[in-house]
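This report refers to the structure that appears directly beneath it.
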C-alpha cells in the first residue's frame, strides 16, 4: 500500500476515536484526524471547537478553528465561554478527547507551546497555549502529535504550557487538576502511551521499518520499549476515505 | 455615560477620538475571522503608539498592530492564524527581540477575564493551568504591576476551595478581570444606536464589548433601529454598551466575516511572506496601509475581482469553491 | 454517558426513569413563563416525594410541586407569579407550617450557582448580598450539610479580594455550584437528539440544563435533526447535554410559551383561589391533575376554547387581546 | 384634579426617572412607573428587566417580569446572566435606577421581603429577594414603594433582604458593596429621601391633605420632617397619559 507518513499519522490518531467521543480539534493534522475518524471508524463521534461550534458538518476542511467552515450546520453556535464550559463540565468534559500538538514534550506528557529559552528573553517564541492548556487541564484524555526529534522530546521543558501528568502518578491531583491526562503520542516514527501506574511514557509501537532504538535515538529521555509492536499500516479504505472525503484538495496532507 | 443619540461616526474620527497613545485596547474576532481589520489599519495610519493590547487568539489584527510598532504590552493566549501563520510572524519577532512585553494566559482564562470585566467582578475561578508555567511565569513583574493602576497586583492567584472538596475540587486559580479602555469589534449588523447582531460564532466579542469603558463597533450593514429589534433573539449586544458605530463593508477583510465573505487566502499568504522580512514588511505597510487613506482604497488596490472571489454563499456562510492553497 | 441515539420518550417514562424519591431537581422557566408544567403534573401524578428543588423564580411549577407534597427542601430566590400570586400560596403555607425547609438566595446568586454547575467550577463570586441576612441566615445548618453529600458544607463564603482593590472591590461573596440530579426545561423546539431552540428570553434554562447530571426536555415541536442545524445561531443547548426529549404541545400551560401561547389568566386566578384553602386545593389537584392521565386530558378539561383564546400572535409573541383581569 | 392615591404614587416615581436612565422594573406599580416615565417625562429612558430583556417596547402592560410582553421588540433577548451582569457592570450599573417594593423598611433604607418572625419558623413568609437584593447591591440609586404602616417602617427588620445604607454612611463600603443605595421612598402619604451625610431617612414632602405628624404616626422610628414640602399633584397630562397609554384596562391601577 502506498501512503505518506502524514497519512499514517492521521489514521493512527483517527483510530483512537470512538463513537460517542467528543473530539476537540486544533488546526491542521488534528482537525484532519477528527474528520477521518468521523468518515472512517466513528461516524457518531462529535467534532467540537474551542471557538464555540459543536457537531460541525465540515463539508470542507477548515484551515483554523475560527474558519467559517466550522460554523455551518452545527448543533449550536456559541462562543468561547460555551466551549470551555463544556470542557470543564464534569459530564461533558469526561467525553471529550483532545487532539494537541506542541513544540516540546517530556516523560510525563507535559507540553510546551510557548517559548524556547528564558520566558523573559526567549530564543524562540511559539504561538502560546490558545486552548491547549485548557483542554489538557480539563478533558479525560488527549492525543498528542509530535515530530521525533531530540530537541522536542525533552528531559525538562523550557516552559510547561499544557499539563500532562506533571511530575508523576499523583501530579495532577496534587496540583488540583481533574483526572485525565495524555493518552497517546503519535509521532512520525511510532506511537507512545503512558503507563497506568507510573504515568511515564512508553513505546506502544513502531511504524513499519522503524526500530525502537531509532526512536530512542531521537529522544533526550529514556522510555520503556519492551511492549512495542508494529503498527498496522493504513487500509485501502482508510486511505481512500481520508484522501477523497476529508482533504480532496490536499490542503493539510 | 454613553449618550443615547445617534452614535454613527466616520472610522477616522472614532479611532482618533477614543484610541490614544498608551490606551488599553482589546479587539474582537479570532485568528482569521472577524478581526476589526479596517479599524486596525486606521490605528496604524494614525501612528498610535504604546498600546497595551488584550487578546485571546486574535491573530491577524494583533500581528499587524505589532508589526506597525503600535504595541508595547500584550496579554495573550495565542498568536497565530492557523495554516497561514501557525505562529504570528511579527509577534514572534517582537517577542524574541524584546520590543514588546508579553504575558501568557490560556484562551479560557482570557475569556473569563473579559467576562469578569463584563460582569463587574474582580476575578473568576477556573481549574485550567494548575501546575503549569502559565501560573509560575509572569510577563509583568510585581514592581511593574505596582506602578500601573490599570494592571492587577498579581497575574493569577491559586486558592483552596473554601467549600471543602465541593465538586471534587481542591484548588482553583483566580483570573483577574480586564476592563479595557476601548474594545473594537466588527459585526455583521448594527443599528445607529449600537445594537449589534453577530452571525455565526461570537468568540469572546460580547464579553470584550461589555468589559470595555468605550466600545467601537464597525459593521457590514448599518440598519435602522426597528430592523434588529424585530428579531431580538438574534442580537447579542444592546446599545447601552456602545459609543461609536461605523459602517465599513468588508471591515474584517482580509479575515473572514461569516455569511458575508471568506478570508482572503492570497492576501494572508502574501502577508506571511512579507512579514518574514523587515524590508518587505515595510513595503507591505507602505503599499497596503499608509498609501490607502481608507479601507475602500485597500479593497480597490487588492482588486474587486479578488474581493468578489471571497464572497460567501449566504447559506453556507463561506465561499464554497475558494482556492485556499 | 449520554447516548447519542434517539432520545424521544413518553413523558410518563421520562419522569419515572429519571425522577426518583429524594431526587435533587431543578425546573426551568420564570414565574408564569415556560415552566415545564406538563412534567410537573406528571411528577405529582407519580407521587414522587422528598424532592430537593432548586429554583430562582420558578413560580407556578414550584408552587404546585409543593402543594402536592412532593417537596421537602427548597433553595430559592423568589416564590411568586407576579400579579396572580405576589407570593406563591402553597409555598408560603408550607414554609410557615414548616413542612418544607427553605434556604434563600438572590436571583443572580441562583443563576451563578447554576452557571457554576454548568461550567464545572465549585463556586463563582459576586458582590450581591454583602451585609445582608442572605449571608447570615442559613436554611440548612452546618450539621445537616455535613450529613448530605449533595449539599456544600457552607451556604455562602465571604472573602477578601486577593487582587487588592482591583475593580474597586474589597470583598466578594462566593456562591457554591449546583449540580442537580435532573433538570427539566420546556422549550419551543427540539430535535430527536436533544438540540434545543428557546425563543424569547432564555431565563437561566441553559445554565440549569448544562449543570444537571440528567436533562429532560419537553418541547412544543419535535423536529428532525436538520431543521435546527440549518440555523444554529438560534440554538442554545447542543444535544450532548440531553437525556430525554418529549413532545408535549402546550407543555408549559397554564404558564406562557413565547410565540406559542400566553399564560392563562383564568386558570391562574382559579388556581390562586383554590390554593388559599386546603379543601379547595385538594379538589383542584383531584380534578386537574390526578383525574387527567395526560396533559392532553387537562387541556380538554379546560376546554379548547380557552386554550385557543391564549394562542400567541406569532409576531408579538403573546395574545394581544387576551382578557387578563 | 381627580386622581387616586395609586396614580399619584406612580407619577411621583415616574418623575424621578430621567432620559438616559436605565430603569430596572419589578412587577405591578413599579413597572407602571417606568412605563409612565417613558410616556410622560423621560422618553429616552430604557426599560430593563432582570429576566434579560432590555428596552422592551411594552405595547401592553406586563403582569410579571417574565411576561411574554416584555420580550417583544427589545434590543436583545438574553437571560438572567446578561441582566445581572449589566447591573453589576460598573459602566452600565451606574446608569440603572432600581424600583423596588418590600414588606419592611428601616431608617437606612434596608428592605425585608423574606419573612416576619424567625427565619427558621416564620410567622409570615413573603416571596423572597428575587432580583431585589441584587439590584439594591449593585445599582447607583433605587426608588422604593412602601405603604405607610407602623409594622412596615421598622426600627429593626426581621430579615435584611436588600441592602440600603446598612448601618450608616460607611455601611456599604465596610460590607464591600459598591456605592449607591436608596434614593427615594414613595408611600401612600408622602415621599422620603436619605440625608447625604447621615444616610438616614427624612421626609421630603407630604401628599395634599397629609401632615408630617400623620406620617410619623405610621412609623416605628423617627425621621426628620423639617425639610418637608407639599408634593405637587399630578397634572392633567400626566394623568391622561398614565391612564390611556400605560394601563388602559386598569390592570395595575
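In this document, chain identifiers A, B, C and D correspond to the written order of the chains, with residue numbering beginning at 1 in each.
Rule of thumb we're sticking to: a contact is a pair of C-beta atoms (placed from the backbone, for glycine too) under 8 Å apart; a residue touches a chain by one contact, two chains touch by 3 or more.
All figures in this text were calculated on a predicted structure; none of them were measured in a lab.
> Going only between touching chains, how few steps reach subunit D from subunit A?
Minimum number of steps from subunit A to subunit D: 2.
> How many angstrom lie between the centres of subunit B and subunit C, each centre taken as the mean Cα position?
Taking the mean C-alpha position of each chain, the two centres sit 37 Å apart.
> Rounded to the nearest whole Å, what is the centre-to-centre distance of subunit B and subunit D, using the mean of the C-alpha atoms as each centre?
The computed centroid separation for subunit B versus subunit D comes out at 40 Å.
> What is the distance in Å between the mean C-alpha positions of subunit C and subunit D?
About 27 Å, centre to centre.
> Got the subunit B residues that touch at least 2 other chains?
Touching at least two other chains: 120-121, 126-127, 167, 169, 172, 179, 200, 233.
> When you check subunit A against every other chain, which residues touch at least two of them?
Each of 71, 77-78, 84, 88, 90, 138 in subunit A touches at least two other chains.
> Quick one: which chain pairs are touching?
Per the contact definition above, the touching pairs are A-B, A-C, B-C, B-D, C-D.
> Please give the residue numbers of subunit B that touch subunit A in the complex, ascending.
Subunit B reaches subunit A through residues 29-34, 56-57, 59, 76-84, 86-88, 91-92, 95-96, 98, 102, 104-109, 111, 115, 126-134, 137, 139, 158, 167-172, 200-207, 256, 258-259, 262-263, 265, 312, 316-318, 320, 324-325.
> Okay, in this complex, where on subunit A does subunit B touch?
It comes out as residues 27-28, 50-53, 59-60, 62-72, 77-81, 84, 87-88, 90, 110, 114-115, 119-134, 137-138, 159-163, 166, 171-178, 249, 251-252.
> Can you list the subunit C residues touching subunit B in their complex?
My answer: residues 120-127, 152-154, 157, 159, 161-164, 166-167, 169, 172, 174, 176-177, 179, 199-200, 233-234.
> Touching subunit D in the complex: which residues of subunit B?
1-4, 118-121, 179, 195, 210, 213, 226, 228-230, 232-233, 235-241
> Along subunit A, where are the residues that touch subunit C in the complex?
19-20, 22, 44, 46, 54-55, 57, 71, 73-78, 84-86, 88-95, 138
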